[in-house]
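Naming follows writing order (A, B, C, D and E), and every chain is counted from residue 1.
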Amino acid sequence: MKRLLVVLGAVCFVVLLLGAMFDLAPASVQLHAAVAANLPASGVEHPVTAVLLNFRGYDTLLEIAVLLLAMIVILATGIDTAADVRPSVNPVLQALAKLAAPLMIMVAVYLLWAGAFRPGGAFQAGAVLAAAAVLLHLVELLPGWQSPSTRLRLGLAGGFLVFLAVGAGSLMRGALLEYPPEHAGRLILLVESGLTVSLGLILAGLFLLLSRDDGDGP
Amino acid sequence: MSLEFIFDLLLALAMVWSAWRSLSASRLDRAIVMFIVFGLLMALAWARLSAPDIGLAEAAIGAGLTGALLLDAYGALKRREA
Amino acid sequence: MTGELLFASVGVILFALGVAGVLLIGHLLRRVLAFNVMGSGAFLVLVGLAQRNGIADPVPQAMVLTGIVVAVAATALALALVRRLYVLTGKLELSQDDDE
Amino acid sequence: MMVWLILLPLLWASFAFLLGPGRGVWLAMAGLLAQLWLAYALAEEIVASGVAEHAVGGWGAPLGIDLVADGLSAAMLLLTQCVALPLAVYASAYFKRDDPAATYFWPLVGFLLAGLNALFLSADLFNSYVTLELLGLAAVGLVAAGGGAQQIASALRYLFATLVGSGAYLLGVALIYGTYGTVSTVTLTPLIGAGAPDLVWIAGGLMVVGLMLKTALFPFHFWLPPAHGGAPAPVSALLSAVVVKASFYLILRLWIGPFSSLTVAANLVVWLPALLGMLAVFWGSYQAIRAERLKMLVAYSTVAQLGYLFLIFPLLVSAGALQAVIMQVFAHGLAKAAMFAAAGTLIKATGQDTVAGLAGVAERLPVTLFAFGLAGVTLMGLPPSSGFLAKWQLIELALSQQYWVIAFVVLVGGLLAAVYVFRVLRQAFLLAPAGSVVMPVPRTLEWTAFVLAAASVLLGLRGVELMQLVGIT
Amino acid sequence: MNFNELLPLAVLASSLLPGLLIFTLPESWVGLRTALNLFGALIKLALVLLLILGVQAGESYGVHFAVLPGLDLAFKADALGLLFITLSAVLWLFTTLYAIGYLEGAPRRSRFFGFFSLCVTATMGIAMAANLFTFFVFYELLTLATFPLVVHRGTEASMRGGTTYLVYTLIGGAVLLTGIIWLHHLLGHTDFAHAGIAVALGSAYDGQLQIIFLLLLIGLGVKAAIVPLHGWLPQAMVAPAPVSALLHAVAVVKAGAFGIVRIVYEVYGIEFAQALGLLLPLAIFAAVTIVWGSFRALFQDDLKKRLAFSTVSQVSYIVLGVALFGPIGTIGGLVHLVHQGIMKITLFFCAGNYAETLGIHKVSEMNGVGRRMPLTSIAFTIGALGMMGAPLTAGAVSKAWLIDGASAAGMDWAIWVLWTSSLLNAAYFLPILWRTWFKSVPKAWPGEHVAARGWRETAWLLLLPPMMTAAMTLLAGMYSSNQMSPLSWAKLIAEREYLHEMIIRAP
C-alpha cells in the first residue's frame, strides 16, 4: 500500500515537474555575465574558483565547517575496536602504492595551482590527497585512526582555521571575505593551500575513521 | 537529431538505469558497484554540461570516496557476519 | 530539447527515484545510496536548468561543488552511524517500534 | 557585528576541537557570553537605526551573498543566545567526567550555534541550504554522540528526515535558480509575482514541505520524539528550544518574503499548514498525555507546541501576526529548554525516566519542580507568562479575521497542555513511596532550569520591547 | 513613580516578596518564616489602611505598565476594590495565624506558606485590577497558586480533589479568556469604568455582547460556584482547613463573585446590562444556586462538605444582589461579599478546630462538643446564626438589604427564594447547634489530638482567629451604620454606580 502510494506520488511528481520545466522563459538575472565582468577583480582567472572562493566564498567557508563537523561527529559517536584479521597484502602492491603516493601528492599540488585558471582547485586536490591516503591504508601502510592526536587535529582543523582567520581579518578591515583586489590572488591561494591539506586529511579521515574497527593499532 | 544528442540520450538512459539498479539490485555488493558506475556516469554528464570541475570532483569524491566508504562498510559488515 | 534540459529531466527522475528509495527501503546502507541518488538529481537540475540556453554558468557549478562536499560529509556520517548501529545491535534496519 | 555571531562560534568550536576530547568548556562559555552580548547589541542597533545589512565579500547580491538582520532575525538570534548560555552552564554540570556523550560536545554545540546564527542572518536561499545542513548534521551528531543503540537509531531516523528535508529544499532552490537566475531573497522578492510560472509553485511547495519535515510538523513529526526524547537532556533542550524553530523561521521568511505574492494569491494554501498545525496540537498533546516516559512527554509536547506556530499562516495578512508568532517562539523556546533541563535533573535524581517514578520529588527537588511548573505555565499559556501573551495575540488575531477554529484550537490546546503538565506535577506532589531514593544533584542543574523557566514567565510581564524589535522590517 | 502609583504595588509586594522569600527558607527555620508571614500580613494591613484613608479623602491610586503594545497591566484602588482588599487583608491575617497554629510541626510548610502568600497576592491583584486583562492575569494566578495548597497533603484523595478543581477552573479560565479577548477585540481595551464601557459600541453589537456576557459569566461562575459549575467546591474540601478558609472566604469564590460585580457594573454598566436583558437570567441562575446549594447541604454528614454547599448557596446571594436592578440590591450584594467572608471563615476555622482537636469530621460526631470546646462552639454558633440571617449578626444586614432590593426591583419571587434559603439554612445548621449544645458528651472523641488545658480547649492560635471573626460578625451586624462598616462602603460604591439615584433609603 505504502509502496504503491509512494511510487504513484513519485510518478505524478516527475510528470508535473517535467511539464512545468519545459516552457520556461529565460531567467531575468544572468549571473554568468556578472561573474565574467567581475572576474578580473576576483584574483583568479577560473570562474568556478572565483565563485567558490571569492563571490560565494562564504558558502565554501560553511561547507568546510560541515565537513569538519561530520568528522567530529564520527569521532564523537563512539570508538569501538573490534579486532579481526584482514588478509595480508601482496608486497608488490605495497611497493606500487609507495611509488604512487608521491606521484599523487604531486598531482594534488598541480591541481591546487591549476585551480586559479582552469578546472581544478582545493577540492579536487584534497580529494586526490585523500585518495592517496586511502590507497596507503588499503595496502596496510597507513593504519586506521583511533582518536586523533593533537597534531592531527591541528591538521584537520588547520585549513578551516586559516579560512576563518582570513575571514575575520577581512571583516575587521571591511566586509567578511572581502579581499583587496591586489592581494586577492595570494589570499585565495593561501586559503586553498590550507584547505587542500585539511580537506585531504578530513576526506581521508572519514575513511580511516570508519574503517578503524578493523583492528589496526593507533 | 544530432550525434551529440543521441550520446546524451544514451548517457541519460544509462544514468537512470544504473541508479535504478543500484537501488533495486538484490545483492548489496552489486548495488554498491552499480552506484559507483552511476557516479562515473554522473561525472561524464557533468563533462557534457561543460562543468569539468564538478566532473573531477564527482569522480574523485562522489564515485571514488563515497564508493570506497560504501565498499569498506560492506566489507566490515561481511566480516562481522562471518 | 537541449542536452542541458535532458540532464535536468534526468535529475528530476533521479530525485524522485531517490526520495522513493529513502521512503521505501528499510536497509540502511541502501537508504544511503538512495539519498545519494536523490542529491545527484537535485544537482543535475540545478546546473541543467540554469544552463538550459547552453551557456555555462559558474555559479550553479560552484554550488554543486559545495553540495557534493556536503553530501559526502552527510554520507560518511550516515555510514558511521549505520556501522555503529550494526556493531551495537547487529541490525541494519530501523525497527518500527522503537518510536516509543 | 552580526558576522561575528557566525564567526565566533565557529572559532571557539574549532579551538575546542583542537583542545581535545571533553575540553573547551571555558572557551565555550566565554564565546557564548560574547555572543549574547553581540546579539543584544545587534538588537539595540536595529531598534535604533533599522535593518542592518552586510554584503559578504563586498560584492552584494545577486553576485555575492547578503546577510540581513531585521527585527525577526535579531529576535531569533537573541533567543538562541539566551537559551544557549544557560544550557551550556547546565551541560557543564550535567556531563560527568569522561562521559562518552561529552567527548566532542562543545565543538558540536559551537557548530550548531554557528549554523543557527548563520541561518537567521542569511538572505540567500542556497546559503540557507548550507546552514541548514550545518545545523542538521550538528544536531544529529549531538543526538548520536556517545549513545547506545536506541540513541543511534533515533539519530539515524533524524538524519534521514533532515537529509530528505534539505534535499527537497535544495531541489526547490535549483528550480528557483533555473527560473530566475538568482537565489538572493532580496533580488527574488520583486521578481516573483502572482503570475509566476508553475515551476515556482512547485519549487515553493518543495521548499516548504522539506522545511516542514525538518520542523517536525505533523505528520512529519515521527523522528522528533525519539530523537529529542533519547538525547542527553541539554541536547534535547537545545534541539527542542531553537533548532526546530530554525526551519520554521525559514518557512516564515519564504512565506512573507520571496513567496509573499504567491501566498497572498492563493487563499486556500494558507490553510494547509494551519490544518497540519491543528492536527499537530491535538496529536502531540494526546501522545504527551499518554506517554509513560517523562522525556517522551516533553518531546511530544514539542510536537504539539510546534503546531501553534503553523496556525499563524492564515493570519499573516493582519498586522501583529509576526509579533504573535515570535512571542510563541520565545515562549516555547525558553519554556521547553527549562522543561527539558528540569526533566533531565529529575531523571538524574530519581534514576529513572518515567512519570510514575516522580512521586515525592516535590519535596526533595522543589527548585527543579518549580522550574518544571513555571515552564508548564508558559506552555499552557496561563498568565503571567510569555505563553499567555502569545495565546492572547493569536486568539485576538483569529477573532479579528473571524477564524473561530484557530481560536478554538489555541484554547483547547492550552487545556490539553494543562492535562499533561499537571499529570507530572500531580505525580510529583504525591508523597514519596517508602524506600524511594532521590540522589543529590548539582545545584547548577536546578538553578539553570529555573532561570530559563523564570525568563519564560517574566517575558509575559514585559513584551513591549520584543514586539517593537520584531516590528522592524 | 509617585506615592499614589507606588502604593498599590506595595500592597501587592507586601505578600509577594515574603512569599518568594519563604519558598527559599529551609523547613526548619520556623521563626523566620512565621515572622515573615506576620510581618507581611501586618504591613499589608497598614498599607490597606492608608489606601482606605486616601480613598475616603478623595485620592485616587493607580499605576499601569505596558505588557504588549496596547495591552496594559493596570491597577487601581477604588472603593469597590477596597471593599474586597480590606476583606482579604484582614482575613488573611487571621488565616495566617490560624495556619501557623494548624500546621505546627507539619511537613512542607515553606512550600505551603509560599503558595499561601502567592494566593493572597493574586487576590489583591484581582481586587485592584483596573482592566479585564489584569483581572484575568491574577485570576489564573490564583488558580495556579491554590492548586498546590489543595493537594498539600499529597494523598490520592487530595489529588482527586485537586484534579477536579483544576478541570473546572482551567476550563472556566479558557472560556473567560475567550470572552475577554473578544471584548478587547471589539473595544480595543478592557478598562473598568463607572457605568461601563460596552455601551460605547452601539446597538449593532448587542448580540455579540450578550454572548460575551455569557462567556464571562461561565468563566467567573466556575470560581463563584454557580450551579451547575459548582462541582469542584465540595470536592476541594479535602484541603487543610486554612486552605478551605482561603477558598471559601478570602480568595477563590470571592474572586468569582467579585468578577461578576466588576463585569456587571464596570464593563457593561448596570443600566446597559439591564437594557440588554442580562440581569434577569443572572438573577435566575443565582436563585437556582441559592436554593440548590442549601438543599444539597441538608444531606451532607461531612461537616466541611455541608459548609461547602452552604458556600455555594451563600455566594450567589452576592450575585443575586448584583442582578437586582437598583441600588438597594447592589448594596445587599456588596455587603454580603464581606459578610459572607467573615461568617464562612469563622465556620471553617471552627470545623478545622474540631477536626484537629477531637478528630471530628462529621456532623453526627458533634454531639456535646459544645461542652468540650465551648469557645469554638460559641464562634461556630455565631457564624451559623449569621448564615441563617439571625438578628444582630452580619447576615441579618445583608439579607434585609437583599430582600428590600428585590422588592424595590419588583422581583418579588426573589424574596421567596431568599426566605426559602433562610429556612433551609436553619434546617441544616440548627441540628448541628442542637447536637453541639444539647446532646450528651460521648465516651470518647473520634481522635483527640490536643488535650484541654484550662480555658484553652485547643491551641491558642487555633482559637483566636475564629473568635475574632465571630466577634466581627456581631460587630458588622450591630454597628452597620458606622462610617467604617462594610455597609457604609457598600453604600458609597452603590452611590457611585447609581449617580442619578442618590437617595438610598435604609431598610
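General observations
Assume a contact is a pair of C-beta atoms (placed from the backbone, for glycine too) under 8 Å apart; a residue touches a chain by one contact, two chains touch by 3 or more.
Values in this document were obtained by computation on a predicted structure and should not be read as measured data.
Between chain B and chain C, the least number of touching-chain steps is 1.
Number of steps on the shortest path from chain C to chain E, with steps defined by chain touch: 2.
With centres computed as the average of Cα coordinates, no chain lies farther from chain D than E. Chain D has the C-alpha centroid lying closest to the overall centroid of all protein C-alpha atoms shown.
Interface comparison, A-D versus D-E: the pair with the greater number of contacting C-beta pairs is A-D.
Note: the chain lying farthest from chain C is E, by mean C-alpha position. Look at where the CA atoms of chain D average out and do the same for chain E: the two points lie 43 Å apart. Each chain gets one centre point, the mean of its Cα atoms, and the points for chain A and chain B are 19 Å apart. One inter-chain figure worth recording: chain A and chain C are separated by 17 Å, centre to centre, where each centre is the mean of the chain's CA atoms. For this pair, chain A with chain E, the centres built from the Cα atoms lie 73 Å apart. In chain A, the residues touching two or more other chains are 17, 21, 24, 27, 31, 35, 48, 55-56, 59, 63, 66, 69-70, 73, 77-78, 82, 123, 203, 206-207, 210, 213.
For chain E, the set of residues that touch two or more other chains is empty. Those residues of chain B in touch with two or more other chains are numbered 51, 53, 57, 61, 65, 69, 73, 76, 80. Applying the touch definition to every pair of chains gives A-B, A-C, A-D, B-C, C-D, D-E. Within the complex formed with chain D, the residues of chain A that make contact are 16-17, 19-21, 23-25, 27-31, 34-35, 38, 54-59, 62-63, 65-66, 68-70, 72-73, 75-78, 147, 150, 153-154, 156-157, 160-161, 164, 167-168, 171, 174-179.
Within the complex formed with chain A, the residues of chain C that make contact are 1, 5, 8-9, 12-13, 16-17, 19-20, 23-24, 49-50, 52-53, 55-59, 61-63, 65-66, 69-70, 72-74, 76-77, 79-81, 83-84, 87.
Looking at the complex, you find that chain D touches chain A at residues 3-4, 7, 10-11, 14, 17-18, 20-21, 54-59, 62-65, 67, 100, 103-105, 107-108, 111, 114-115, 118, 126-127, 130-131, 133-134, 137-138, 140-141, 144-147, 152, 175, 177-182, 187, 191, 197-199, 202. Residues of chain A that touch chain B in their complex: 48, 82, 84, 111, 119-121, 123-124, 127-128, 130-131, 134, 203, 206-207, 210-211, 213-214.
By the touch criterion stated above, chain E contacts chain D in their complex at residues 23, 65-69, 71, 73, 107-108, 111, 133, 136-138, 140-141, 143-144, 147-148, 151, 154-156, 159, 162-163, 166, 170-171, 173-174, 177-178, 181-182, 184-185.
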